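In this document, chain identifiers A, B, C, D, E and F correspond to the written order of the chains, with residue numbering beginning at 1 in each.
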Amino acid sequence: MQDPLSHFDEQGQAHMVDVGAKADTERRAVARGTVMMAPATLRRIREGTLAKGDVLSVARVAAIMAAKRTPELIPLCHALMLHRVAVDFELDEGASQVMITAQVTTTGKTGVEMEALTAVTVAGLTIYDMCKAMDRSMVIGEIRLLEKQGGRSGHFVRKEAVR
Amino acid sequence: MQDPLSHFDEQGQAHMVDVGAKADTERRAVARGTVMMAPATLRRIREGTLAKGDVLSVARVAAIMAAKRTPELIPLCHALMLHRVAVDFELDEGASQVMITAQVTTTGKTGVEMEALTAVTVAGLTIYDMCKAMDRSMVIGEIRLLEKQGGRSGHFVRKEAVR
Amino acid sequence: MQDPLSHFDEQGQAHMVDVGAKADTERRAVARGTVMMAPATLRRIREGTLAKGDVLSVARVAAIMAAKRTPELIPLCHALMLHRVAVDFELDEGASQVMITAQVTTTGKTGVEMEALTAVTVAGLTIYDMCKAMDRSMVIGEIRLLEKQGGRSGHFVRKEAVR
Amino acid sequence: MQDPLSHFDEQGQAHMVDVGAKADTERRAVARGTVMMAPATLRRIREGTLAKGDVLSVARVAAIMAAKRTPELIPLCHALMLHRVAVDFELDEGASQVMITAQVTTTGKTGVEMEALTAVTVAGLTIYDMCKAMDRSMVIGEIRLLEKQGGRSGHFVRKEAVR
Amino acid sequence: MQDPLSHFDEQGQAHMVDVGAKADTERRAVARGTVMMAPATLRRIREGTLAKGDVLSVARVAAIMAAKRTPELIPLCHALMLHRVAVDFELDEGASQVMITAQVTTTGKTGVEMEALTAVTVAGLTIYDMCKAMDRSMVIGEIRLLEKQGGRSGHFVRKEAVR
Amino acid sequence: MQDPLSHFDEQGQAHMVDVGAKADTERRAVARGTVMMAPATLRRIREGTLAKGDVLSVARVAAIMAAKRTPELIPLCHALMLHRVAVDFELDEGASQVMITAQVTTTGKTGVEMEALTAVTVAGLTIYDMCKAMDRSMVIGEIRLLEKQGGRSGHFVRKEAVR
């Protein structure tokens, strides 16, 4: 029986899968996650985007830079030259959280979902780092793939009912 | 009024905070997170730990290596020479998830919570990468600090009632 | 006759100099540089600091991150754990330029002037990158050490008459 | 009104610009800079190129390696696979300075001017590092793009009258 | 007379050779090396592959990750996007050694022999690191190219009679 | 029974071993290796050290830089701030090989043998890369620890009878 996980060969050894026979197609992935925090922390972040002390602009730079370094972090991930990386934040006062969305596109033989997920998590870690002086109980969560286009596996759209 | 976020100076500009006056103390941090997945995916992971195709041993190596590179990823994070990094996985069939716990220790002027949180998230991303061929709907979540010792802020223990 | 350049041994071969016998002392370095540009480019940068499209906050993050990676870039430079990195910008409309100043401190066996100089140059390169769509003739220049404290070579203060 | 700086989206947020629609064309960039120094320092460098203790060969290697890592340093810079990197030095005794010239070529969707500029600055920083034991007053300067070919913006040749 | 080493220009200066005129062809390289060790060390490694404490799975991950970073380590090596990296180990009790074989493939303008050789050496270094507590006399050796396909230099197959 | 390999915990899981209780002592390691090659290749290398096209000076820089990055390459290796790295080459015409020796020193809780071994192997790989245009049959070999001082395991001196 074939292993459903392509990252292992027949001997069960990890390898970087051969993508040489795959076509170069346009790839796009959108990932999302959240950082839940105390209302005072969220308020401080919002004030920074209007004035000085902007947490989110630092997190955005960190996320974009991390997306480019995804194959250095994820052992079996192929390197790709990314065409676009964009990271958006939405402040959700009802749920007292920052919602992080990353979009990555390229043309290549493998998808960019790991790059989008890495951007989201590093954005979350950076927000945590910058706000931890006032709030150590933040939770980074719900990191998932929203959408993925290109390649043999076709168009994936997440049926959203996470929360 | 002083900004509660020490990562900004009086002008609201991001900087790497001066830790020169801090004492070198023993530091320890424990962080945790989960990867929720389909029961079949969890089953495949469990089988790999017994035989061949071991997802978790790859994720563990990735997590330890990422912990060492935390200051390259998180812009305002100080470099530290880590004394220990350990990453444990627990397979929770009830909740259909892998629970990831990372412990990091050192002696230094700043804490190691970012290193522990980075280890957890990169473990989660690696599990996602290796299992995504069979399950694109996995969710990495509940990444939080469980415990933190050393330094002026004292002993933090999270009141766990996350789920 | 002894080579005045300590980075070479008696055979004239490059090596990373032995600093084992040096004392751990407090170290501080301040470096400065400029990016000369068209008045319209400088105006665009100034507007971004007040509203959206903030070139300097991206350059500041890049500079701080680069300071931490100095020993990866400069072959014979010793690694150090930096205590503080701060990067300031001043917009000089008279000379139509951005003035970049970086301060780095640590306690260690070698100085931090290369870290401060690296922060300044990467800030300059990032400003160039972000503004090059409107101005390809910018010049990054006058990158020099302003001040240096700690270590055997004592307190260096540059006699400023650069321009 | 549209922002002339393409590195920001309509909300003024930094992003890595989409280059997916751009054609792959041959790209070439030439950048230049100088390190001004005391005549004795320049003399020491010249002697090293003839005998042992060769500062410039170390700086050349550092510059080539840095060119390859440009997208790790410059936050919004796209990764490219470089076809050629060459770094030349000219010793100018009249002005008591080393002139650094870097040429980079590739075929791709974005230009290589940041790679050429990064090579020049890291060459300058390495020369500074290696000579600072005898001369702390060196100034790295006049870093600018000399020429750029390929891509929509056409052939740029700097009107040289920098000094 | 022309220098047979293409990594130097006519002035004898190191440069990253222009590969712009080369065709993109399928490339494949196979490299091999060994770690000679005490019989007890080899026995311990074998036991780990059956049960817990698996040295080789850690070494395999390290080798694959290192292959991707080859151009960061080898100064004049061009970056390539690798299609496949696989690392195999064979335990040779007769010679009391682990035999490491790495295969790398891609489509590109330059070959992947340096990537395959880097994977082998980092696998060897990792085995050394993990076993050095019980055996400091291990020898990493016989690292050589077995086979190479693609590009102008044609199909190279090593005439094996190394030992 | 306890595992002789400290890089695994009681469950047989890889971890970065706790060095927190170890004393900071002076550490020194010397490692050696060779690159065997055709006599014509060795001759070309020798000529370069006298004139232009100096293979060994490029390999030396690569080796020193790699030593500093050892903990990024070797998964369970602790980061250390190195005090000195020196790399020497000896041309052995009898055996038609380059002998590479690396010395590394620091003060720390763990030894620097991995740093010395990494320097030797990256020097070997760089020599291979630069000479492969004229000689694809070179063999990098006999990489071993010659000497190690500092720490609990005491003074190790290899009984040399490798060849």
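In this section, contacts are C-beta pairs under 8 Å (C-beta built on N, C-alpha and C of every residue); 3 or more make two chains touch, one makes a residue touch a chain.
Here the structure is a predicted model, which means the values were calculated and not measured.
K.L.:
Moving step by step between touching chains, how few steps can get you from chain A to chain D?
P.N.:
Shortest path length, in steps: 1.
K.L.:
Which chain's C-alpha centroid is most distant from that of chain E?
P.N.:
C
K.L.:
By how many degrees does chain C turn when fitted onto chain E using C-alpha atoms, rounded in steps of 5?
P.N.:
To bring chain C onto chain E, one rotates by 180 degrees.
K.L.:
The A-C interface: which of B-F, D-F or A-D repeats it, judged by over half of the contact pairs being the same residue numbers?
P.N.:
It is D-F that repeats the A-C interface.
K.L.:
Based only on mean CA positions, could you tell me how far chain B sits from chain E in angstrom?
P.N.:
31
K.L.:
Could you please state the distance in Å, as a whole number, between where the Cα atoms of chain C are centred and where those of chain D are centred?
P.N.:
Spacing between the chain centres: roughly 16 Å.
K.L.:
Report the inter-centroid distance (CA atoms only) between chain A and chain F in whole Å.
P.N.:
Distance between chain centres, rounded to whole Å: 37 Å.
K.L.:
By residue number and range, which residues of chain E touch two or more other chains?
P.N.:
13-14, 54, 57-58, 61-62, 65, 69, 75-76, 81, in rising order.
K.L.:
Could you please write down every pair of chains that are in touch?
P.N.:
So, checking each combination of chains, I get A-B, A-C, A-D, A-E, B-C, B-E, B-F, C-D, C-F, D-E, D-F, E-F as the touching pairs.
K.L.:
Touching residues of chain E toward chain D in the complex: what are they?
P.N.:
Touching chain D: residues 9, 13-20, 71-72, 75-76, 78-81, 108-109 of chain E.
K.L.:
Residues of chain E touching chain B in their complex?
P.N.:
Touch list, chain E to chain B: 54, 57-58, 61-62, 65.
K.L.:
Using the touch definition from the top, list the residues of chain E that touch chain A in their complex.
P.N.:
Touching chain A: residues 26, 57, 60-61, 64-65, 67-69, 81-88, 105-107 of chain E.
K.L.:
Which residues of chain F touch chain E in their complex?
P.N.:
Going through chain F, the ones touching chain E are 3-8, 11-14, 33, 44, 48, 51-55, 58, 61-62, 65-66, 69, 72-77, 113-114, 117-118, 121-122, 124-126, 128-134, 136-145, 148, 153, 156, 158, 162.
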